[in-house]
Amino acid sequence: MIIAIKRGSPAEEVIEFIAFLEKQGVKVHRSDGEEQTVLGLVGDTTKIDADALRARHLVDKVIRVQEPYKMANRSFHPDDTRIDVSTDGGGVKSIGGGFLGIIAGPCSVESREQIIAVAQSVKKSGAGFLRGGAFKPRTSPYSFQGLGCEGVNLLMEAKKETGLPVVSELMTINQLEIFDGVDVIQIGARNMQNFSLLRELGHCCKPILLKRGYANTITELLMAAEYIMAGGNERIILCERGIRSFDDYTRNTLDLAAVPILKRHSHLPVIVDPSHSTGLSWMVPSMSKAAIAAGADGIIVEVHNNPEKALCDGEQSITPDVFSDLMDTIRKYAVIEGKTL
Amino acid sequence: MIIAIKRGSPAEEVIEFIAFLEKQGVKVHRSDGEEQTVLGLVGDTTKIDADALRARHLVDKVIRVQEPYKMANRSFHPDDTRIDVSTDGGGVKSIGGGFLGIIAGPCSVESREQIIAVAQSVKKSGAGFLRGGAFKPRTSPYSFQGLGCEGVNLLMEAKKETGLPVVSELMTINQLEIFDGVDVIQIGARNMQNFSLLRELGHCCKPILLKRGYANTITELLMAAEYIMAGGNERIILCERGIRSFDDYTRNTLDLAAVPILKRHSHLPVIVDPSHSTGLSWMVPSMSKAAIAAGADGIIVEVHNNPEKALCDGEQSITPDVFSDLMDTIRKYAVIEGKTL
Amino acid sequence: MIIAIKRGSPAEEVIEFIAFLEKQGVKVHRSDGEEQTVLGLVGDTTKIDADALRARHLVDKVIRVQEPYKMANRSFHPDDTRIDVSTDGGGVKSIGGGFLGIIAGPCSVESREQIIAVAQSVKKSGAGFLRGGAFKPRTSPYSFQGLGCEGVNLLMEAKKETGLPVVSELMTINQLEIFDGVDVIQIGARNMQNFSLLRELGHCCKPILLKRGYANTITELLMAAEYIMAGGNERIILCERGIRSFDDYTRNTLDLAAVPILKRHSHLPVIVDPSHSTGLSWMVPSMSKAAIAAGADGIIVEVHNNPEKALCDGEQSITPDVFSDLMDTIRKYAVIEGKTL
Amino acid sequence: MIIAIKRGSPAEEVIEFIAFLEKQGVKVHRSDGEEQTVLGLVGDTTKIDADALRARHLVDKVIRVQEPYKMANRSFHPDDTRIDVSTDGGGVKSIGGGFLGIIAGPCSVESREQIIAVAQSVKKSGAGFLRGGAFKPRTSPYSFQGLGCEGVNLLMEAKKETGLPVVSELMTINQLEIFDGVDVIQIGARNMQNFSLLRELGHCCKPILLKRGYANTITELLMAAEYIMAGGNERIILCERGIRSFDDYTRNTLDLAAVPILKRHSHLPVIVDPSHSTGLSWMVPSMSKAAIAAGADGIIVEVHNNPEKALCDGEQSITPDVFSDLMDTIRKYAVIEGKTL
């Protein structure tokens, strides 16, 4: 961390300020230039609050050189993290570290027939994981909110039927018990900065699929991962799912540049959600391919056997046939990118 | 709601679609133009999911004419809602309906001395409510997270000492018990779409100060209020606190146009947070005045007796002296705007 | 400017780099900390290209301490600039330095009757300047593009009739001749970074009303002013007119915080356009008042005698009656703010 | 176009309004529902100004069903447009219609040696076009503004040397003469809505590479193309180069979803600029691949033989070696996507 001191600051205040900084456990290297005094902080600056420093009247600028996250930081963990999920049959499905995780399924679990049909079809096409929402965060209190516990039970049936590990969204920590059989816990974009929830997830022993909030920076996403990791749970899959911009053609603006950035700064696997980001099924194949080309470790895609009748988000769900074709292309891309499906 | 049907849609599918719509409790008025068939939905369309309709292949466009919120809607409740809060001495402090609510205090409660000193000073300058954070949502797990229960206890002491009703932020529903003596519960921007929490707040009997998420639209804010109101709690104060834009000079972009918009579409009181939106104390007075001029029913301002030593967000806190001067000007603006402090 | 050097950079490369920097006319103060070498640049860094430095592989971070604009910078010109415009009758109308400039008139000049009627009415209500578009930048090539030269002639008639100085938008430098009688040249948001045009305007001797581009930062606006000022024309009025954000209720998001920011960093007068920013006439009065409360040196407002029949942007034009009421309130605000109308 | 009339509008005003609409050359289909009257406009609504209609007090909502652009619209021109550029040797280089156009070269032309060296190297790696800036739009008037005419002359030498057609940015129409030998005229993001310039380009007979403004919607980009096409020049290449969002890690947010959207709504070729959008050379290869995977008809990439010494934007330029590797991968992607290089 580098701190530029305002010109004309009284010498004794600068000395006092340096003492204050050193009390926080860092060493301070002072450099008095002709026009400006600059302080260089040496040591672990993760716990130093840059905003609090900026409030000091003798501080001109504060520049973080070190990133504010540690456990999620690739500098301290150079190798890719691979998330392994055991399947019922004794196998393993992996995401990251050269493995592409393909997660597919309906937005909401709607019925036994629906979820089993979709699960069987996406398995056949090559998906590694089944997704399905039981508890749905909906903008309107009057919209369908998911089947709840019954939805989780139906997911368990589909898992039993197909052997696919299951990914589902958790909305409050109280649901953790119900999620006993769920293999990967998804945290939605709107909860990415629900810090109380993140802290609780640190004590949970399941992998967490953490979606980027639609107005959160890369650093904030990594800090949210850090909240969970600081509690002891290091199995986190990051997910880019679109950010809000002025452009209103798609529901959100898919920020594919986030993929190489996250992979450069963190060792955690990064996947992309082409369905929620665009909100339009016809764009899902091209954005899925672009995600893999950008270096993503997988995708999470909505597939519905009858998008027209879907109880939520049908507009963005692709059919099993489209998914099957997409998987054929993804296999070719995986070869070029040196990834294993 | 108006639905434009795609050209060339088979007649029988259109008929089937109309039947489907009518099953959802609305009447459908069909109009066959030369180039396009248009359906007009009559009745309560609040519960109809526009996105689900857009997924139908015969649907071209869906346009909401009616707003998706009901209880928060001024159309169904033309008069301003006024939130009254009883004070210990048997008095009442009000926000909305012609009353300006001035909420002031430190970002975080830090010590008995600090909170009582600030409370006395803002009371003297004319503030109606004391704010103070006991549980703090912080981006980094390594930053100061607030004094917690002890912070709430200190707020209670400051309330006893000054008689000012207290506003404090709640992060999970489990904290409700601890908040027994808190007069107004603040829900932070990051929890604005924590739907599980909103639903629980519907059963609570305290006024809720609901902050707009920094990437949420006006409609989403009103839908969040609707979540709470649908549960039975209709005492909600809306708060504009800045949105994210490309501009990085201030922490967020204060969207003052939201004030007249919210007041046009809703009967709920609307206040403005000039401290968190800008993040810079020197802008607080000008943005506070602009908020009142724009028609706000109040402001929530950070005041700290020693901003330089504040444990969080000192950069955006004004001193008691600056606050006192600001109140003098606000009193003049209130006269012009016909508001009572 | 402060440059942090990457750890492990070869000593001789750092020396070579310092020599390169000094060749650009600055002195370099080098400070070798335990973990990082930091260079402090002393002297005029305005001409140093921070981006070019960032491309060097031994550079970690570059931080501008000095702002990149000079002539527009308040540091080098502490007093407010006041723009005086002579009127035909020998009087003077001023904007800035304590004077509120109220510029009002229709979006487009449409006919002799219209422009003269509006001019007379806004003059009566207290406007100091008449605005009217003769050349209109329209998103569609098929929309009405303004009356062109005829429009300018009609503006001249209205000026003669009322004595009000005239503000009109110029789209290419070739129109300068036609604008001989126009008193203040407006440069629209879409041309804010038309650098060829800005450079030409530096040689022009009329005041320039420079609108902020809807996706431009505060610094970019001041750099655009700097382009004109570097050519010799220092009479510039800055105008905030809304930026693009995710929110789609209003046409743009009016960034009123830009007003105190611009006034802190620049000596140039700052006005606000409440009409184009919101796009909605009913919001114009509240946003105009908020602009004055935020410290603006004036407003530019669309007034049309028959908004319903306006050839462009009628939706955002207020009627002469609404304008007259607004002026009454602005006069009261001006007293509080210590401004002269 | 569908117009919803406000409830309670006087019958005679509705009739008068319909007459007004029909005078503009469309037929109006009126439908009186129980709660609302809806008008359907039949015919060419391209020239109808939706905003002007919204200003009418009896209008509730206006919904465009037809897109406002015509010549750029795929509906009226279902086949892909291919832009062919003749090379000196009698050959042809194409972009669109199944052909990938790879445009590479330095941000700025700096010297004879530089431009020829880069041209030879990118040609060897398989680029089809040479890019190089002679006139540079720079945010600061004090930055290097390009070599101007001399730069164009050097580009001509590089063209002669290598046979590569040349792409260069034009800033004002006066430069057209100097651009005689330039094969494709680039219009930069900041000039995308310089309507005077666009109109002039309609009379020019060279292909135009039109970059999307960093705050412009898809529709606005297509309307800008329409401006040029309406003048007679239909050879336009659209270019996505990043938009402004809250995220500040990269210079802009590359909106790759724009590629399939533009190709769905327009027949014009679409390319991507991974260099200016990200501003970081290490991201160029992954974003280039993602662009091709998303369906782009080509890329425009900055390649510099010595990025560290580049006079502008070195930070985003890749070296000839990195470019050569990237071309190898692109060739593989092209096979999967069925495109010809």
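Miscellaneous remarks
Letters A, B, C and D name the chains as they come in the text, with residue numbers starting at 1 for each one.
In this text, a contact is a pair of C-beta atoms (placed from the backbone, for glycine too) under 8 Å apart; a residue touches a chain by one contact, two chains touch by 3 or more.
Fair warning: this is a prediction, and the values are worked out from it, not measured in the lab.
Distances between chain centres, each the mean of the C-alpha atoms, put D farthest from chain B. We define each chain's centre as the mean of its Cα atoms; on that basis chain B and chain C are separated by 32 Å.
The geometric centre of chain C is 27 Å away from that of chain D, both derived from CA atoms.
Chain A and chain C have centres, each the mean of its CA atoms, that are 40 Å apart. Along chain A, residues 215, 244-246, 248 each make contact with two or more other chains. Arrangement of the chains shown, judged by which pairs touch: all-to-all, with no pair of chains left without contact. Within the complex formed with chain C, the chain A residues making contact are 2, 4, 27, 29, 31, 33-36, 38, 40, 42, 60-61, 63, 65, 215, 244-246, 248.
The residues of chain C lying in touch with chain B in their complex are 215, 217-219, 243-250, 253-257, 259-261, 264, 277-278, 282-283, 286-287, 289-295, 329, 332-333, 336.
Of all the residues in chain D, the ones that touch chain C in their complex are 46-47, 49, 51-52, 54-57, 68, 137-144, 171-172, 190-191, 193-197, 199, 213-215, 220, 223, 226-227, 230, 244, 279, 307-308, 310-317.
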